[in-house]
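Think of it as A, B and C in the order they're written, each chain with its own count starting at 1.
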Amino acid sequence: MAQPAAASETRPWRDAASRPFISVRSLIKRFDDFTAVSNVDLDIYKGELFCLLGESGCGKSTLLRMLAGFEQPTSGAIFIDGEDMARVPPDRRPTNMMFQSYALFPHMSVEKNVAYGLLREGVKKSEAYARAGDMLRMVKLEKLARRKPDQLSGGQRQRVALARSLVKKPKLLLLDEPLGALDKKLREETQFELIKLQETLGVTFIVVTHDQDEAMTLATRIGVMKDGVIEQIGEPREIYETPNSRFVADFIGTVNLFTGKVAAVAPDMMRIETAELGDVRLPPQTGLTYGQQVWGAVRPERFALSRTRPEGAANAWEGVVEEMGYIGHMSQYRIRLASGVLIRATQSNRLRDEDPISWDEKVWISVQPAAFRVLTR
Amino acid sequence: MRGWFLPVTVTLGFVFLYAPIISLVVFSFNDSRLVTVWGGFSTRWYGELLRDRQILSSAWVSLQVAFASATLSVVIGTLGAFVLTRFSRFTGRLLLTGMITAPLVMPEVITGLSLLLLFVSMELTLGWPAGRGLTTIIIAHTTFCAAFVAVIAQSRLRSMDESLEEAARDLGAGPVRVFFDITLPVIAPALVAGWLLAFTLSLDDLVIASFVSGPGASTLPMVIFSKIRLGVSPDVNALATIIIGFVLVAVLIAGWMMRRAMRKEM
Amino acid sequence: MSAGNALTRSAPWRGTAWMMGKLGLSGRSLVIAIPMLWLAVFFLAPFFVLGRISLAEAIIARPPYTPFFDRAPDGSLEILASFENYRFLLEDALYRNAYLSSIRIALVSTLFALLIGYPIAYYIARAPEPKRSVLLMMVILPFWTSFLLRVYAWMGFLRSNGVINNTLISLGIIDSPIQMMQTDFAVYIGIVYTYLPFMILPLYANLTKLDGALLEAASDLGASPMVTFFTVTLPLSLPGIVAGSMLVFIPAIGEYVIPALLGGPDTLMIGRVLWDEFFSSRDWPVASAVAIVMLVLVVAPIMWLQSVQNRREET
């Protein structure tokens, strides 16, 4: 598939010739006998908003702290803008960090907090406070400049922390769960503010989060981490539509997983025999051999439901609606197949006067071959 | 634990705690030399106390010692606590942990005797400290007070959000700068509390000071001890009343300041 | 930007980083060295001196003990060390009794402090807020006044013509004063009085953490207040009991001032024996030996217990 010519400017990772801005090479971090980060390779490009996504303890924060310089790698290398960071202490790195706890200095006013980094850089006092004021205006906090951090709300504190970490115009901003402490509504608003700010300033962001919705909304690309390893790197759509493993498929969104093996491979067709669905017929895929153990993954919204067997569908199964939940814009179904397996499916409710499929009805479910993702691990 | 039992026990407990102190104060205004027989109201013992050169000069010695050793012990105790909470690995870590907490459980007689013997042998071999007096008492008090300061500072340093220090590093401050800009101001209230505790402990110590002091330097507890050893004497009651008055005023001021700080935060 | 360009630009960076590393490292060692050296010289070294002098003999000289090394007639160095003092401690029943009675007095006082302190701590922990702070302040307040003067206050209380006896006589309960001063009873009173706040504070800290819902759950399940106390509150407050008891027992065992002022001539406590050995008999070597034995018999187990407890708390 040919990409438009402009894509390599907005999506440099698609172009093999573009130079990464941050390079992580074979990075390993061990704490005593626990390996927090094991052999990570990662390239991040200028202007990206990269999300490291994973559950707590997966090593994402350790990776971030090594980029900031708070942890020394056991082995491996980090390059930022071509410079080896191995011997550069945190106070000399061209990075800044926004901490999960915000880490606002409690004994300094908002203004002083924001100006602190500039003063350490040797910027003159008057200029430092002027620039801190500009930054505070940008996050709409100029009126609170004289307050102490404990006189601010959670959302205001978050913006002070952001202003403080951006005021030095770092080459790279590291954000550790930047929205984690905010309530749901504020979090959604702030997500878009964060993207806008990042685009305005052109700073490269690396965000650590455990919240998949947040990662999907914010990121240009996502790295899904598990047990110190990056399982998959890709754009949000890639991660969702073409996960490369059962872990990623299951971690992002909801998925129906099936176990099976390759039962037949022909030039124009491939058959997979699954325990739950029986035979599934798909176009052939490279890299799969006869008898190989595989898994199938289908997102709930990829199933089509109908009262009669759909015409011409290669893969369709009959079942009974066991549970149904009406959510408004869509309905959720749990459908019991003859094999005993329970399938999750969702249907969007486009028409108001539709006669929806309901409890205990017999239904047919079918899936397009392209929506049936075959996984090898 | 219900009904009459608890209030009665608690009341008796507080009577037990305060009755001796109250009687001490009451009899300081007694005209009679017999401390426990009321002979009419008088402030004559206060006058006598103020004319007692020995008491006054030893009180001055005690204040100097307490001030110097509280200050020194805050420096050493804070450094020790900082090293133990912030440097995870270094040679002698276990030794330092032991040395900084052991003075807490060490009987005063052992601390006092062993330090005296050290000072004597140091004088014999190094010529320092020449004789014993203010300096040796200050050293001894600093050593055991540093342990108390270290405990207080350590618990504050542990509960402090370490990302504050990391944030300052991240914004371009070197390690020394971070300590003075961030760590010190954040733990300052704990250090003030530690200083006050060290000051009180030093002012209160009789045993260690008795061992390590020389002929020229008697602290207030040493003078009081030699007086009351021979029996009760009314001017000691007067002194006790003055000390209790000081403590009460200090507590009231501290309480008022805390209340004000809390109101300001709200 | 070429690779070479990046390298030259990073060279000063590397230089600074290297220097910083060097400086940071030496700065770090300096920070470690200050408390380490102070404590090594003024806390650890004294014990070696103590041990060495406990092996010497008392003489009338300055200093009043025999030197460790001596020139033999042939000019070689001789080590003069004798375990005479330790043998003396073993043989003389006075010292053995002093050690045992110190432990007894400390144990009994700790028990009484617990019996008095527990209800107070419990009451304060359950009190509503303004009252709670005031009561807590009242427990701490005496601690800030002079320890010596608080013991002195009891002298005025317990004397034959002291407040207690005078009151009892004037009420007609007794005809002649009861001997209370210069008894073990007076020593118990003195220790319990002095160290009561140390018992109450850890107990209070523990009991405030006790979840009130637990007590409600117990009574909901049919336990009487008494049963609830013995099956829920007491077991859960065990760490507080242990901490408070340690804080009373440890200083009590080496106590000198209280037995010296309130105790009688036959109130034996090891701290007092050591003091008299040093100040009255002027026998520094024997005093040192008493201290060493005290360290081994009494302090070492306590320190071991403390470290075990600390380790348990850390995990």
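Criterion: a residue touches a chain if its C-beta (ideal position, glycine included) is under 8 Å from a C-beta of that chain, and two chains touch if they have at least 3 such contacts.
These numbers come from a predicted model, not from an experiment.
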Chain centres computed over CA atoms; the one at greatest distance from chain B is chain A
Per the contact rule at the top, check every chain pair and give me the one with the most C-beta pairs in contact.
B-C
For chain A versus chain C, what separation do you get between their C-alpha means, in angstrom?
57
Using the average of all C-alpha atoms in each chain as its centre, how far is it in Å between chain B and chain C?
15
By the touch rule stated above, which residues of chain C touch at least two different other chains?
20, 24
Shared interface positions of chain A, touching two or more other chains:
89, 92
Touching two or more other chains - residue numbers and ranges from chain B
174
Name, in rising order, each residue of chain A that touches chain B in their complex.
68-70, 89-93, 95-97, 99-101, 103-107, 116-117, 120-121, 150, 164-165, 168
Chain C-facing residues of chain B, complex
1-2, 5-7, 9-10, 13-14, 16-21, 23-24, 27, 34-37, 75-77, 79-80, 82-83, 87, 90, 92, 95-96, 98-103, 105-111, 113-115, 117-118, 120-121, 124, 139-140, 142-143, 146, 174-176, 200, 203-204, 206-207, 210-211, 221, 224-225, 228-229, 232, 236-237, 239-240, 243-244, 247-248, 250-251, 255
Sites on chain C touched by chain B in the complex:
20, 24, 27-28, 31-32, 34-36, 38-40, 42-47, 49-50, 53, 63, 116-117, 119-120, 122-123, 137-139, 141-142, 144-150, 152-157, 159, 161-163, 166, 193, 196, 225, 229, 250-251, 253-257, 260-261, 271, 274-275, 278-279, 284, 287-288, 291, 294-295, 298-299, 302-303, 306-307
For the complex, give me every residue of chain B touching chain A.
161, 163-164, 166-174, 177, 181-182, 185-186, 265
